[in-house]
């Protein structure tokens, strides 16, 4: 922690701060500059991070030096985290997130009917997806929009999982539902609007189930890593981070996929990274180029929406690929993965 | 709903859409322009709002005409909502939010100790506050930061409420806690990070307790009104909206108070509006000018943090006023309120 | 300047940086922490600010300690700058920006016709404005929109200035036009889109004419102060800064007025501050509450658009007040000014 | 143009608008809905776009239907624009922007010395670049930072161009310099801060020289296309658009590369698209993944900074690749280009 003093700060103000720092069990190092003085604090920064140092008389600004995340950081855990989702059926391969192969997650935005879900599950598996997505609980901006099938949706997901032999990921929105959803899902999903629902993160941390945390609409990567830290601090290290587009001023796309989030997260953290070009662009024509870009940038997983009849979708039809488009997309992604030295 | 067709859209594509609209029980009105064709949809827009019209062949864009909120809108409820919080002690006045007087809400960021809370409660009441604020559950970006005293904090708030004879507002973060917090609080608070925690909003809607919803960090006012709509759709009309600063690129302040949110909400909605200059600026020196601005712009309530010893605050010390500064602030706000024809 | 080293940085990397710092004529102070090392640089920070320190092996991050602006800063010039615009006619009062009175600047968005301009000039002066605004050169997003009357517009402004006896402010967009516009205008205006047109700022700096710089659409206050610094570095200290709303995600208003910009600029700089609620909100109904807020927050000047027949305006009609509305607005602003101890 | 009326708008207000629309030579089509009325305007939308319709009594909102750009739009010019830069030396190939091959533009941020520039020019050409970049005029946030060598820099670029036989791109910042810079440069560059310097765009439009326009820091793609429209409206169709990262809340990168800008521009416009991962990320480690992503997304050109001794760079050293890194980067980009069916 570095404390920059105001130009007109007096010696008594410096002394007062040094005294407090010493009281807290840390060491202060005063640097006298030509224009201003600076106090460096040596010792465990977490002790001092919560102290209201800006409020002390004479202080101009306070700059943390260390990163606020530990468990999520490469500094403390240099090897990449690999999350293994066991195969649903004997004789099939486990799904490995963070390994040499890029994983494709596909399925409808929401679970709408048994028929559509089963058809899609078989279809996407056949064409190269290894995890099925589908929302039973849907966070919708309007109370009058379709809110998901709830528990019935979870049961349909379980059926599709067994029938098609493909693990599932589905969103949990409420602390009261974590245990129940955990009984059905291979991977839990925390939606963008819940990225800082800290009690939900803690509950998922205690469940031990693998979780994909979506980046909040206007969240920084540091905040995303802090949300991972919440889960990890409860003992659950199986965290996949998902770039799903952030809110910007651009209106041609629904959100703006921050492609440099992929190398930036990989520079700071050992956790695997997914990209969701469907929510990220909100526009069917842009999904494939952005999915290719995500693989080229080093993403470990790509999540896309697939729906056999988008005109009938109850949620986000405009950003769903048709199953046959999805098949072509997988082939394109495979070519790019190969060009950057990975499988798919 | 207006559907703008692509320039090269064919008649068959127009016919297909008109047919669907008719199927949904609505009426289509095709307008043929020189450069493009437009289909107007007449009837209940909520029926069509969830249909994936962008996905239909030949569609360029879809523009909703009506507002997505009903209960929160002045169009359906022209008279201002007035929320009355009954006096804690006999012989004192009820607190009225949305009436002719501006209400001042004050207290520490978090409940930290019995002593500080009681001292502050008496102090702010004496100097003009009519609601006491204080967080028992604190949403913190880091799992390692002080998370609030929890139930113990609620008990201290109840004690301060009785002792000082002042109603309290406190945050609820978890659907599991709504009933319990509702037993202690006069007004529930939904924090900025939970503005789109839709299950929490529904649970509060069912509780019937007055609630203040803080605007999300990067939320639009339309989204804030939709969150109010969630609460109101469950039968709870006692909603106070709070502008607490939005995230912008500016770094001299913690957030950017959107002062035009006050007249804009009042133009669209009948709900009362509060402004929180403490979180909004994050900087003690800017609280008073921004609080004055909020009263001048027409805010119904001002919420400020007050702490007797900010150097010891466990949370947000840099944005707390001292009790004696708070007294001066109330006087300044009273002068501005008078200039714009209101009491305080 | 503080240089934070990576956790695994070696002594040779520290030595290499210390050596360079010494070469540049500065002093390095190495602080050894438990988790990382930090190098403080003592001496003239402007020498080191342009060095690519992040590129040196072992460096994690670099944090400047001093402010990048000098001439615009209160640290180097503690007394408020007062800009005096001489009266146009004998016997009238000079206009003083940054004094005890709040100045009202009013007029049409663009100069459109002799008749409208003269009518408006007389009208706004009568009702309390002391500077007339009007654009002869208009920066328009579309090449097909009205681009202003150019030199003819300047001549009309000169005529209105003489006739009504009111100083004028008008925009200059092109380095080639600075000298010419300076012959007609009492105050030059740099528009938001030109806030970082550095050659324009330098040319205006050399002209010596008072200038109002509008904050860029997504600029920080630090960047705004750096633009003032460009003008001041050429010897022109008569700089008025204008908050005119920044781009945010909000769509109910055209821009978002950053009301805390007023106290924040006044905390950092001695320059006077104006607020433009017309461009800031883009919405006639919100101009008055936001103008009142600006005065309450401490603004030195308010700039509003006034047009006698907004339905015929060639530019920004929706954000213009009618002359009679303007008269009422001035009275409301006067009441708020009085409440915060100022005249108008 | 669609005009949505307020719910309580009267027939006289509708009649007033219809009358005006007829006066302007257009046709009005009134659609009566259950909750509100809507007026569709048929005819040349550019006539009505500048009318202040929001100001007419009874109007709730106004929605344009057509796109504001014509010359830049695929609707009016369906074939892709291909820009050919003639070879500097006989026997070498022309550089084709917008063709089947991806073009690599490389060089130092600013021209600093003859030695560094010539060395870099030879080096990047040898390793696969076909256009040399280098700034002679530098737009710097601070008046105290290195502002470029100016005309001397242009002369050095001309020398490097001849010596190494590689066309050059360089920035022009001032309307007064357009003709002079056009004598030296093969491609002019408009920087992000000048994207809406409309007089500069017009002057470049008249020069007829190919130009690369960088997207403004917080500009939308629509605004970028309107800036292209300014150049094209003066008769210059040789416009290359450059995504160079936009300002977001993310701090791990200098800017956020909007990767979906590539397919979005290609969907709306026939103009070729470049991506600048150096300015876009500001971080040497992220340049290569983001450059790969840009090629995978369909970019026609990649612009990267290369400097032989970044520790000595006067500008943006932290985002420059070393020449040998650059060589490896070109090979990686070639593999990705091949995977998406292009050459490089």
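Letters are used for the chains, namely A, B, C and D, taken in the order the chains are written, and counting of residues starts over at 1 for each.
Following the convention adopted for this analysis, contacts are C-beta pairs under 8 Å (C-beta built on N, C-alpha and C of every residue); 3 or more make two chains touch, one makes a residue touch a chain.
Only a predicted model underlies this, so the values are computations on that prediction, with no experimental measurement involved.
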Item to check | Touch graph components, with chain B removed from consideration | outcome: one piece
Checklist outcome for this item: Joint neighbours (chain B and chain D) are A, C
Item to check | Same-site or different-site touching of chain B by its copy chain C, using the half cut | outcome: same
Checklist entry - Counting in whole Å, what is the centre-to-centre distance of chain B and chain C, each centre being its mean C-alpha position? => result 31
Item to check | Rounded Å distance between chain A and chain C, as computed from the means of their C-alpha atoms | outcome: 39
Next on the checklist: I'd like to verify one number: the distance from the centre of chain C to the centre of chain D, where each centre is the average of its C-alpha atoms, in whole angstrom.
Outcome noted: 27
Checklist entry - Which residues does chain B have that touch at least 2 chains other than itself? => result 218, 247, 249
Checklist entry - In their complex, what parts of chain B are in touch with chain A? => result 20, 46, 49-50, 52, 54-56, 68, 139-146, 173-176, 193-194, 196-199, 202, 217-218, 223, 226, 229-230, 233, 247, 284, 310-311, 313-318, 320
Next on the checklist: Going by the contact rule set out above, which residues of chain B touch chain C in the complex?
Outcome noted: 218-222, 246, 248-253, 256-264, 267-268, 280-281, 283, 285-286, 289-290, 292-298, 332, 335-336, 338-340
Next on the checklist: Going by the contact rule set out above, which residues of chain D touch chain B in the complex?
Outcome noted: 2, 4, 7, 29, 31-36, 38, 40, 42-45, 63, 65-66, 75, 218, 247, 249
